[in-house]
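Please find the structures below.
One chain, chain A, links the two complexes that follow: it is found with chain B in the first and with chain C in the second.
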Partner chain A sequence: MISILTKKELREVLRSGQFRIAGLIVILLTAIAVFISTGYYRSVQQQHYQAQNNERNVWESQDDKNPHNAAHYGTYAFKPKYPLSLIDQGVDKFVGISIFLEAHKRNEAQYMAAADQTGLARFGELTPDFILLFIIPLLVILIGHDAFTKERERGTINLIKSQGVSMRLLAFGKWLGVFIPIAIITVFVFLLAGVLLSSLGDFGQFSWNALLVMMLIYLAYYAIFACISIIVSCLARNSGIALVGLLAFWIVSCLAVPKAATNIAETNYPYPTKQAFDEAVALDKSKGLDGHDPWSEAAKQLEEETLKAYNVSTLEELPFNYDGFRMQKGEEHEAEIYFKHYRQLKEVHSAQTSVYRKLTVLSPYLPVRFLSMSLARTDYNTHWHFSDAAEKYRIQLQKALNDDFAQNSQYGNWAYKADKSFWAEIPEFSYEPPSFNEVLGENQKNIAVLSGWLVLAFAGLFISTKKL
Partner chain B sequence: MLSLNIKTELRSIFRNYWLASIAVLLFVLCFYAGWNGTNHVSQRKENIAQAVTAMKEADILMATQLDSISNGFEVNLQPWWYPTSPTAVGDQYPRVAAFHPTSLTFIATGQSDMFSHYIKPIMTGDSYTLGFTELTSPVSLLMGHFDLAFVVVYLLPLVIISFSYNILSTEKESGSLVLIASSPLNVSLWLLQKLSVRFVVISGLLSLCLGLVLIFNGNNFNAKSLQLFTTIILYSAFWFALAYLINLQGRSSSRNVIVMLGFWVVFVLAIPSLASQWANAVYPVPSRALLVNEMRSLKAEVVKEQDKLLDDYLRNHPELIGVNADSDESLRRTQQYFAAKDMVEQRIQPLLSTYNTNLEKQQTWVSRFAYLSPAILAQNSLNHLAETSSEHYDSYRQNVRDFAEQWRDFFLPMTFEGKIFRKEIIGQFPEFHFDKTAIRSPIPINSTVLLVLASGLLIVGFRTRGAHEMEKIMQ
Partner chain C sequence: MLHAQNLSKEYDSNLALNCLNLSVEAGDIYCLLGANGAGKSTTINLFLNFIKPTSGTAIIDQMDVSQEPLKTKERIAYIPENLNLYGELTGLENLEYFVGLSGKKYDDGTLAEYLKEAGLQANVYKQRVKSYSKGMRQKVGIAIALAKKAKALLLDEPTSGLDPKASNEFSELLVKLSNQGVATLMATHDLFRAKETGTDIGIMKAGVLVEELSAEDINHSDLEKLYLAHMN
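Showing the complex of A and B:
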């Protein structure tokens, strides 16, 4: 029976002009989005490779120099792009592309793409994730809104009832009629993306597993929208009201709730301003050891402790250059301060995330958005991960430079210069994003909420058909 | 006939529960969005106020320290941070160059969530490294804010659609169109009158809600609020005119609603996102990554020349220039420090100018896409009124850079002449004024385009469907 119902629904949907036109438009828009995004990402990726290589050349081409001056000269860490960012660019354009790694200071990632774009960019861009998250649910609504209302408007519902068809079976058949064409389009788009991504050599290591999970998440998302469309169609008086009601749900879910969540999160857990953050860091730094200031109390204390530890009476007697040693201790103190302040920022970020998470009960869009970005490695957590890795590298870099200064020169010899061959000996910055399993582990709550939505949507579908 | 039609329409609207629902909905949406906007602005005001208070307190402390030093007392500072040194004052007591919100800022978040609203340029800072992006969650930037602009640009058209999609089709479906057809009426005119009544009712309701929100936010009615009402009314007029054209096609209510929602998707979602993506693909933003590279390569070249002037160590730590040096040596090093800095600025400036010119060209080109959608036009106008547009932030950045130069130039002669900084000079500090005169208002042209679009749709509708086509509609 269910196969007969599904076949009938599918035939009806596929024959309808609405679906044909809308489906064609969606496929056309997807093709445009994939085409433009591929071109854009290839050029960005190429620029990043070029920038990273040039930066390394600039670093290695330094002349003989005092290692601390090289530390100030610094280097850049460029954030790589990952294959699935072609499908979901997440928050990429709202975070910087590179971090300047220098002595004494942890810098924020600079040059966010959105800051160089006009206000037009804030409407969103026609990228594959825009189509997957916003447009395809609209297509689901378009084909599902009149699933029952049209039967009522034509009077065919009574005919169906008179045949003794179970209304729940009918509803499930209608759900399949809506879901199957959408699932075919989705599977096709993801297969195409998979083939495209595995053929693009310069896109990093591509994982079919991540792509498959991403596809399943979107399929669950559309299954929820299909259920809600059928439920509303079942309850509405006519197709017009069903469509308006479903569109209202779409707007609340995809636009209004995420925006309201932002307002709630920012009002309750505001980030400090950049200036206030920098001043708080500077204040904490001033209370501790500054590698350049041997006259401060902290410096005097370190001096006493070092002399005692090495059982010598003057700094000249130490088996290393105390200036380099003090610089390193200063770096360690500053790194701790940055760690403390960035941990506070992360706490704000976690509190804000919890607001979004709480509101996922009002919007299936939110868990899907967060899951999709995480799998594409374009979410905020991946950015934090990159930023922390860059900071870890910065600390190691400073240590290598200060150690060279301390080990190879005498106390007071600021004229010491490391040989230019030393710069190439320092390992290059390399970054590995969180693994697929880590991503899934971090997103357990999002997966649970999405599953909850799916279960509730099906439960709603079966309960609402009682009314028929 | 006109007055009878208007009376009938008004009676039917006021008897219908739709109007009450829409009134409540608009009221709730406007107040919630207005409240969000007010919170956002309050945070901004508070941040600036805190920075200004801290600056004033620092000035008072500096004055006390200067008194103590002149009276021969010790102060709890490292010698190189003594406020008797003009360079130390220029670095340690910067001014707050603030971008204050205006009375209408709460209506549109625009670009305000992305950029800093106060900067404190210091004397030894490089103007090209001044950062303007704010510490904010990229998730917030991605999701956007629930502000009045969102209510107007995204939600208002939907309210209009729900209030106007079935005017003719309901009459047809209920059979009353036959009665109307029996009277000597031009159907286009009849529909126009009905829609005009609805347009006036919705505009009135919206103006009332907005007016109340403005009053609660302490706004006076002035030229700017008039421009706000004009923009919103013209944007509503466009959607009503579209509803007029679609109603005239004589199709069923469900067909009408699908077509109108289709237009909403096209104008509010598809065109802006397609335009944004397409514009960047055709005319990409010049690469920042490559700019960083070019700047680094250039700097690597300049470093060798700088080394001839002053050692790297003091270039990186100018505060230590005076340590272990007599006053002549200290002055010589200071001059060398600024000469070395100028050398980099002069070499990097052409590169930055070229980049900024290219970026400006790209943005000008992209901004033309605004004319493809009334939603973009309305958003741009609202951002301009709220002073949260890209143009406002571009101008603010330029003003701050100019001020940074002014700040440095204020202290440089004192530094070079080896002068002692005195308390009396505090009152002569340059102050930051944000000169917005260079920002061109897009409102006249945007409003004209909206008016032309709305009128165009009405004329097309009025001309193509006359009284003689009633039969066609009734089929």
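Showing the complex of A and C:
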């Protein structure tokens, strides 16, 4: 029975000029978006590799110098791009791509891609995620809005009912008639992306699992839209009203709720301004040890404690260069301060995320958006993860440099220079993003909400058939 | 085969059908005559379970349609005044779909046989239905009834708007089905066709079956007089 219902719906959909034109437009837009994204991705990836290699060369090419001078000379941590960012660019363009790693200071990521664009970029870009999240749901609405209203308008509904078919089966057949063409387009797009990504060697580590899960998430999204389209068509008096109702739902769920969520989150849980943040960090730093200031109260206290611990009366008697030791202690104090203030920023981020999560019950767009970005490693969580990894590397780097200074020179010998071979001994920054399982674990709530939407949408679909 | 037992339907305290009792046995063609709003379509819709009776029972093949809506529909075929099919599908595909909904599955050859039996020209089977005339669409409706092996036909003014030739062809098909034992309940305004095709005639007025007679027992002229007498 289902095959008969579905076959007829598919025949009608595929023969309708409406679907053929709209489908062709979507496929063309997708092809253009994938083409543009591929070009952008390859270019960024190439720049990333070049910058990373150049920076390492610069680091290793330093002459003999004092390790603390090298610490101030600094280096960069570059954020890699990941294969699925070709599909969902997420917030990548709005967060920096590299972090300058230097002594005493945790820096923000810099060089946002969006900063290199003109004001026209404000109008948005044609990207695969834009098509997947906004355009294909419109195609679903276009196909599904008149699923039942058309039957009523042309009078075929009574003929159908007179055949003794269950209305639930009929509704499910209509759902399949809407969903299958959309699923074919979606599977085609993801398969194409998969083949393209896996065939390009310089695209980093590519995971078919992540791509498959991302595809399933989008299919669930379209399944929900297909259910809602059929429900509205079942309840509406005519096709015009059904279309207007569904477009209103699209506007609310895809545009209004996400923007309202941003406003609510930012109003209730604002980030401190850059100035306020820097001032708070500076204030906390001033209360503790500054490695460069041996006359401060904190430095004097450290000196006394160190002398006592090593049971010596002068700094010269210590088995290491106290200047290097103090520098390291200063670094550790500053690292704690940055840890504290960044943890506060993360708490604000978590609070804002919880607002979004609460609003996911109003829009299937939100859980899909978050899941998609997470799987593409283009969400804020991945950015925080990268930022923390860079900070961890910075702390290790500073320790290695200060330890060298402390272990290989005498107190007061600021003329000490580490051999240039030492720079190559410092391991290169390498970053591993959250694993596939970690991403899924972090997104359990989003998966649960999306599943809830799916279950409710199907329940609504079957309940609405009572109106027929 | 079709029985109405004290069947009534009320809409907002307006009695559309008042205690109707009628029987249509296998092979009968029962024609319901009456002005607009007399209750003819309400009767058909009650047998189809499209609406629920206020009281009484509509029975198809010994089953109450309210209790067994799906099973009773397996036994009937319905042709409304305007049999609208799917314009983007061919006659064959429309037949395949509607017959499939009733749980029957045939190959294209068998479906074509049913279309042929219903009087449709072979060259239009694979044409999209949007190019069909009303008469051709009604023939697809008959083909659905044939393929479905319906025991009863419920027809709501099926010849309205058909030209005399098409109307005559349609009547011939009804007689053919009647000879095969199919019970037919037809709401119509066409007195001539009712007399020519029907075995039984019922005249309805304001929801009441005011006259019931055998088509054989009355001529065209008397039927018209009787009808008009009830309408005045």
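Keep this in mind: the second predicted complex is superposed on the first by the 467 of 468 C-alpha atoms of A that agree within 3 Å, B and C clash if a C-alpha of one lies under 4 Å from a C-alpha of the other, contacts with A are read in each partner's own complex, and residues count from 1 in each chain.
Throughout what follows, a residue touches a chain if its C-beta (ideal position, glycine included) is under 8 Å from a C-beta of that chain, and two chains touch if they have at least 3 such contacts.
Just so you know, these numbers come straight off a predicted model, no measurement behind them.
**Student:** Please indicate which partner A:Leu216 is in contact with in the superposed arrangement: first for chain B, second for chain C, both, or neither.
**Tutor:** Neither partner.
**Student:** As a test of reading the superposition: which chain, chain B or chain C, is in touch with more residues of chain A?
**Tutor:** The partner making contact with more of chain A's residues is B.
**Student:** For A:Gln163, decide between first (touching chain B), second (touching chain C), both and neither.
**Tutor:** second
**Student:** Regarding the shared-chain residue A:Gly155, is it in contact with chain B (first), chain C (second), both, or neither?
**Tutor:** second
**Student:** For A:Ser16, select first, second, both or neither according to whether it touches chain B, chain C, the two together, or no partner.
**Tutor:** After superposing on A, A:Ser16 lies in contact with chain C but is clear of chain B.
**Student:** Share the list of chain A residues that count as touching for chain B in one structure and for chain C in the other.
**Tutor:** Looking at chain A, the two contact sets are disjoint.
**Student:** What residues of chain A sit close enough to touch chain B in their complex?
**Tutor:** 18, 29, 32-33, 36-37, 39-40, 43-44, 47-48, 50-51, 54-55, 58, 61-63, 65-66, 68-69, 72-73, 76, 78, 90-91, 94-98, 103, 108, 110-127, 130, 134-135, 138, 142, 146, 238-240, 243-244, 247-248, 251, 255-256, 258-263, 265-267, 270-277, 279, 292-293, 295-296, 345, 349, 352-353, 356, 380, 383, 414
**Student:** Mind listing the chain C positions that touch chain A in their complex?
**Tutor:** Residues of chain C touching chain A: 48, 50, 69-74, 76-78, 80, 82-89, 93, 96-98, 100-103, 105, 141, 148, 154.
**Student:** What does chain B use to touch chain A in their complex?
**Tutor:** Touch list, chain B to chain A: 32, 36, 39-40, 43, 47, 50-51, 54, 78, 110-111, 114-120, 131-146, 150, 154-155, 158, 161-162, 165-166, 253-254, 256-258, 261, 265, 269-270, 272-281, 284-285, 287-290, 292-293, 296-297, 300, 303-304, 312-313, 316-317, 320, 359, 363, 366-367, 369-370, 375-376, 379-380, 383, 389-390.
**Student:** Touching chain C in the complex: which residues of chain A?
**Tutor:** 1, 4-5, 7-8, 11-12, 15-16, 154-156, 158-166
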